[in-house]
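As structure tokens, here come the structures.
Two complexes come next, and they have one chain in common, chain A, joined by chain B in the first and chain C in the second.
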Partner chain A sequence: MSQFRAKRLDIGCFVNVRNLRDHNKRKVFAQFEPERQALRYIIHNTTLPQRVCAQAQLQLSQMHCYTRFTQVKNRCIMGGKGRGIMSDFRMGRFQFRLNALSGNIPGVRKASW
Partner chain B sequence: MAVPRSRIVDLLRVQCRIFNTTFNPDRLRLGTKILSQRLRGPAVASYYPPRIGTTQDLRKLYPEYDVVDEEEDDWIEKLKVAKLKGKNPPKKKRTAGESKKFGKRRS
Partner chain C sequence: MEAAVDEAVSQIKEFSRFEELKADPRFKEPKTEKEMRRKWKELQSAPDHTNVLEMWKEAGVEPIELAKKRGLKLPGDERPPLDPEVAKQLSALREPRNVQAIHLNPLRRSAEHGVPVCDLQLRTYSIRNLEFFADFAMRAAYYLGLPAKGPIPLPRITERWTVPRANFVFKKSQENFERITMRRLIQIQDGHPEVVQAWLAFLAKHQYYGVGMKANVFQFEALGEQHEGPEIVGKVDTSKQDPKMMKKVEELLNQDQFKKAFAQARAEKAPEVSA
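Right, the complex of A and B next:
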């Protein structure tokens, strides 16, 4: 969604529209996380009046979908792939192999026994 | 030997004071689980590496130095040449009258 897009390119890895979108989602999620948690607290607290709970539920459901964590997906920072990502290295399996074999990832070596 | 409830409640109160948790002997659902959750926003938002070391950053950091960017110079040179040839972008239309699109619609 364009209202969340940064005015200037602010990621320094592989850039395509899906990576940019995911980055936007992550930033929006971080921005609205306290608000979401506060609403969730109100909903889960049964000692509050029922009306307040219902209002909080409504407000939470009307928040933008980019503020939801389920929208966020780990993508490859070297090639933009969305599947087969090793989250420890933030890379797709093939990019991980290439970078590991060329020695760009510290502490990783090819197994041999 | 049965322990009286008041003793257990006292123990719970001390336990909550020591471990800094909410004292809730009636086991009401207070949502403290959500309040005690850590915010993961900063960790999530820093997944992609930030863009650093651009020419603009350098210029902002060191305004007293003249930072040369060859690609940018080439681009400006190209724009100058295009302007000389009359191939520069058209001027922005400020009013509806200047705009060709709206002029056509009226006639």
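Right, the complex of A and C next:
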């Protein structure tokens, strides 16, 4: 969704359209999260009239899909892979291995026990 | 007498050599900007001429040896000799106690009541940095007058990952990686909350590389009516809600659509009340 895209490139990792899209989704989610929470608060607040709750429900359902957390997907920041990402490092397994071997990940080393 | 004559002769020789050098086209000062730029380029492109010493050596002058021969010293190097009496008194002085203490284990104060006030956890992947910083924290606590227990070694956190060596298939050949987190706990007992805050701020200011910090601060208050926390108004305690969200709720409820909804709700309710 181009209306959320920054005018200038604002990420420093591996760039492809899917990584960019995910980045935008994360930003939009962070921006609109207070609003979503507020609407949810109004919906669950039983002291408010029924009509107000209904209005809040309507508004919540009309919000853009990018404001949902379920849209966010972990992607490899080194290669853009979308599956099998190690969430501790936000990298695919092979990129993790390469970076760990070259000592780019703090504290991670080859194990032997 | 002879030595002095020799030196004079050598000085004259050096001077004549300097005259020769001056005559050399390489030592002429550039007259125009273009010439200057060309010369600068030349100097940059010639790696042997990057510093003055090398240039002098190239020209056959050994400045360091010459300085030694003539007994020259760099400015600031020479010191007036101390009076022997003063020197004796100076050597008899001992170092201040707190300077001596640096070479010993950190001092600690004993807690009177043993009430834990703050638990500081230090974490790292490289133990040396942690040991150093834990020592620093203990000393800081001592000099701030805080009784500190520790550093208590906590169990290490070992995380392991196994990944295939290849980027594609070949699952049979894999590699293991691990990350071991070392932890230390420093507990402050009986400290005044403000002093504890000052101690934590001091540690945060002098953070050491490769060491993470986490502090749990405990507050105690009297039972009964002397309640020091945020005042509870009405039935709903909104103080625990996210302030950002509550601000947004207010904003939303002031919107036209919500105002309309409120008005409708009131209109629906009104006949019931009158009936």
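List of remarks:
Methods note: the second predicted complex is superposed on the first by the 113 of 113 C-alpha atoms of A that agree within 3 Å, B and C clash if a C-alpha of one lies under 4 Å from a C-alpha of the other, contacts with A are read in each partner's own complex, and residues count from 1 in each chain.
FYI, a contact is a pair of C-beta atoms (placed from the backbone, for glycine too) under 8 Å apart; a residue touches a chain by one contact, two chains touch by 3 or more.
Just so it is clear, the model here is predicted, and its values are computed rather than measured.
Once the two complexes are laid over each other on the shared chain, residue contacts for A:Pro34 go to chain B and to chain C alike.
Once the two complexes are laid over each other on the shared chain, residue contacts for A:Arg18 go to neither chain B nor chain C. When the two complexes are overlaid on their common chain A, residue A:Arg5 makes contact with neither chain B nor chain C. Of the two partner chains, chain B is the only one touched by A:Val72; chain C is not.
Of the two partner chains placed by the overlay, chain B and chain C both lie in contact with A:Ile42. Of the two partner chains, neither chain B nor chain C is touched by A:Arg83. Once the two complexes are overlaid on the shared chain, A:Ala111 sits against chain C while remaining clear of chain B. In the superposition on chain A, the residues of chain A contacted by chain B and by chain C overlap at 34, 37, 41-42, 47. The residues of chain C lying in touch with chain A in their complex are 125-126, 159-161, 163-167, 175-181, 210, 236, 241-242, 244-249, 251-253, 257-258, 261-262, 264-266, 268-269. Listed in rising order, the residues of chain A touching chain C in the complex are 34-35, 37-39, 41-42, 47, 49-52, 54-56, 59, 86, 88, 93-94, 96-97, 100, 106-113. Chain B makes touch with chain A in their complex at residues 28-31, 33-35, 37, 39-42, 44-45, 47-52. On chain A, the positions that touch chain B within their shared complex are 9-13, 19, 22-23, 26-27, 29-31, 33-34, 37, 40-47, 69, 72, 74, 77, 90.
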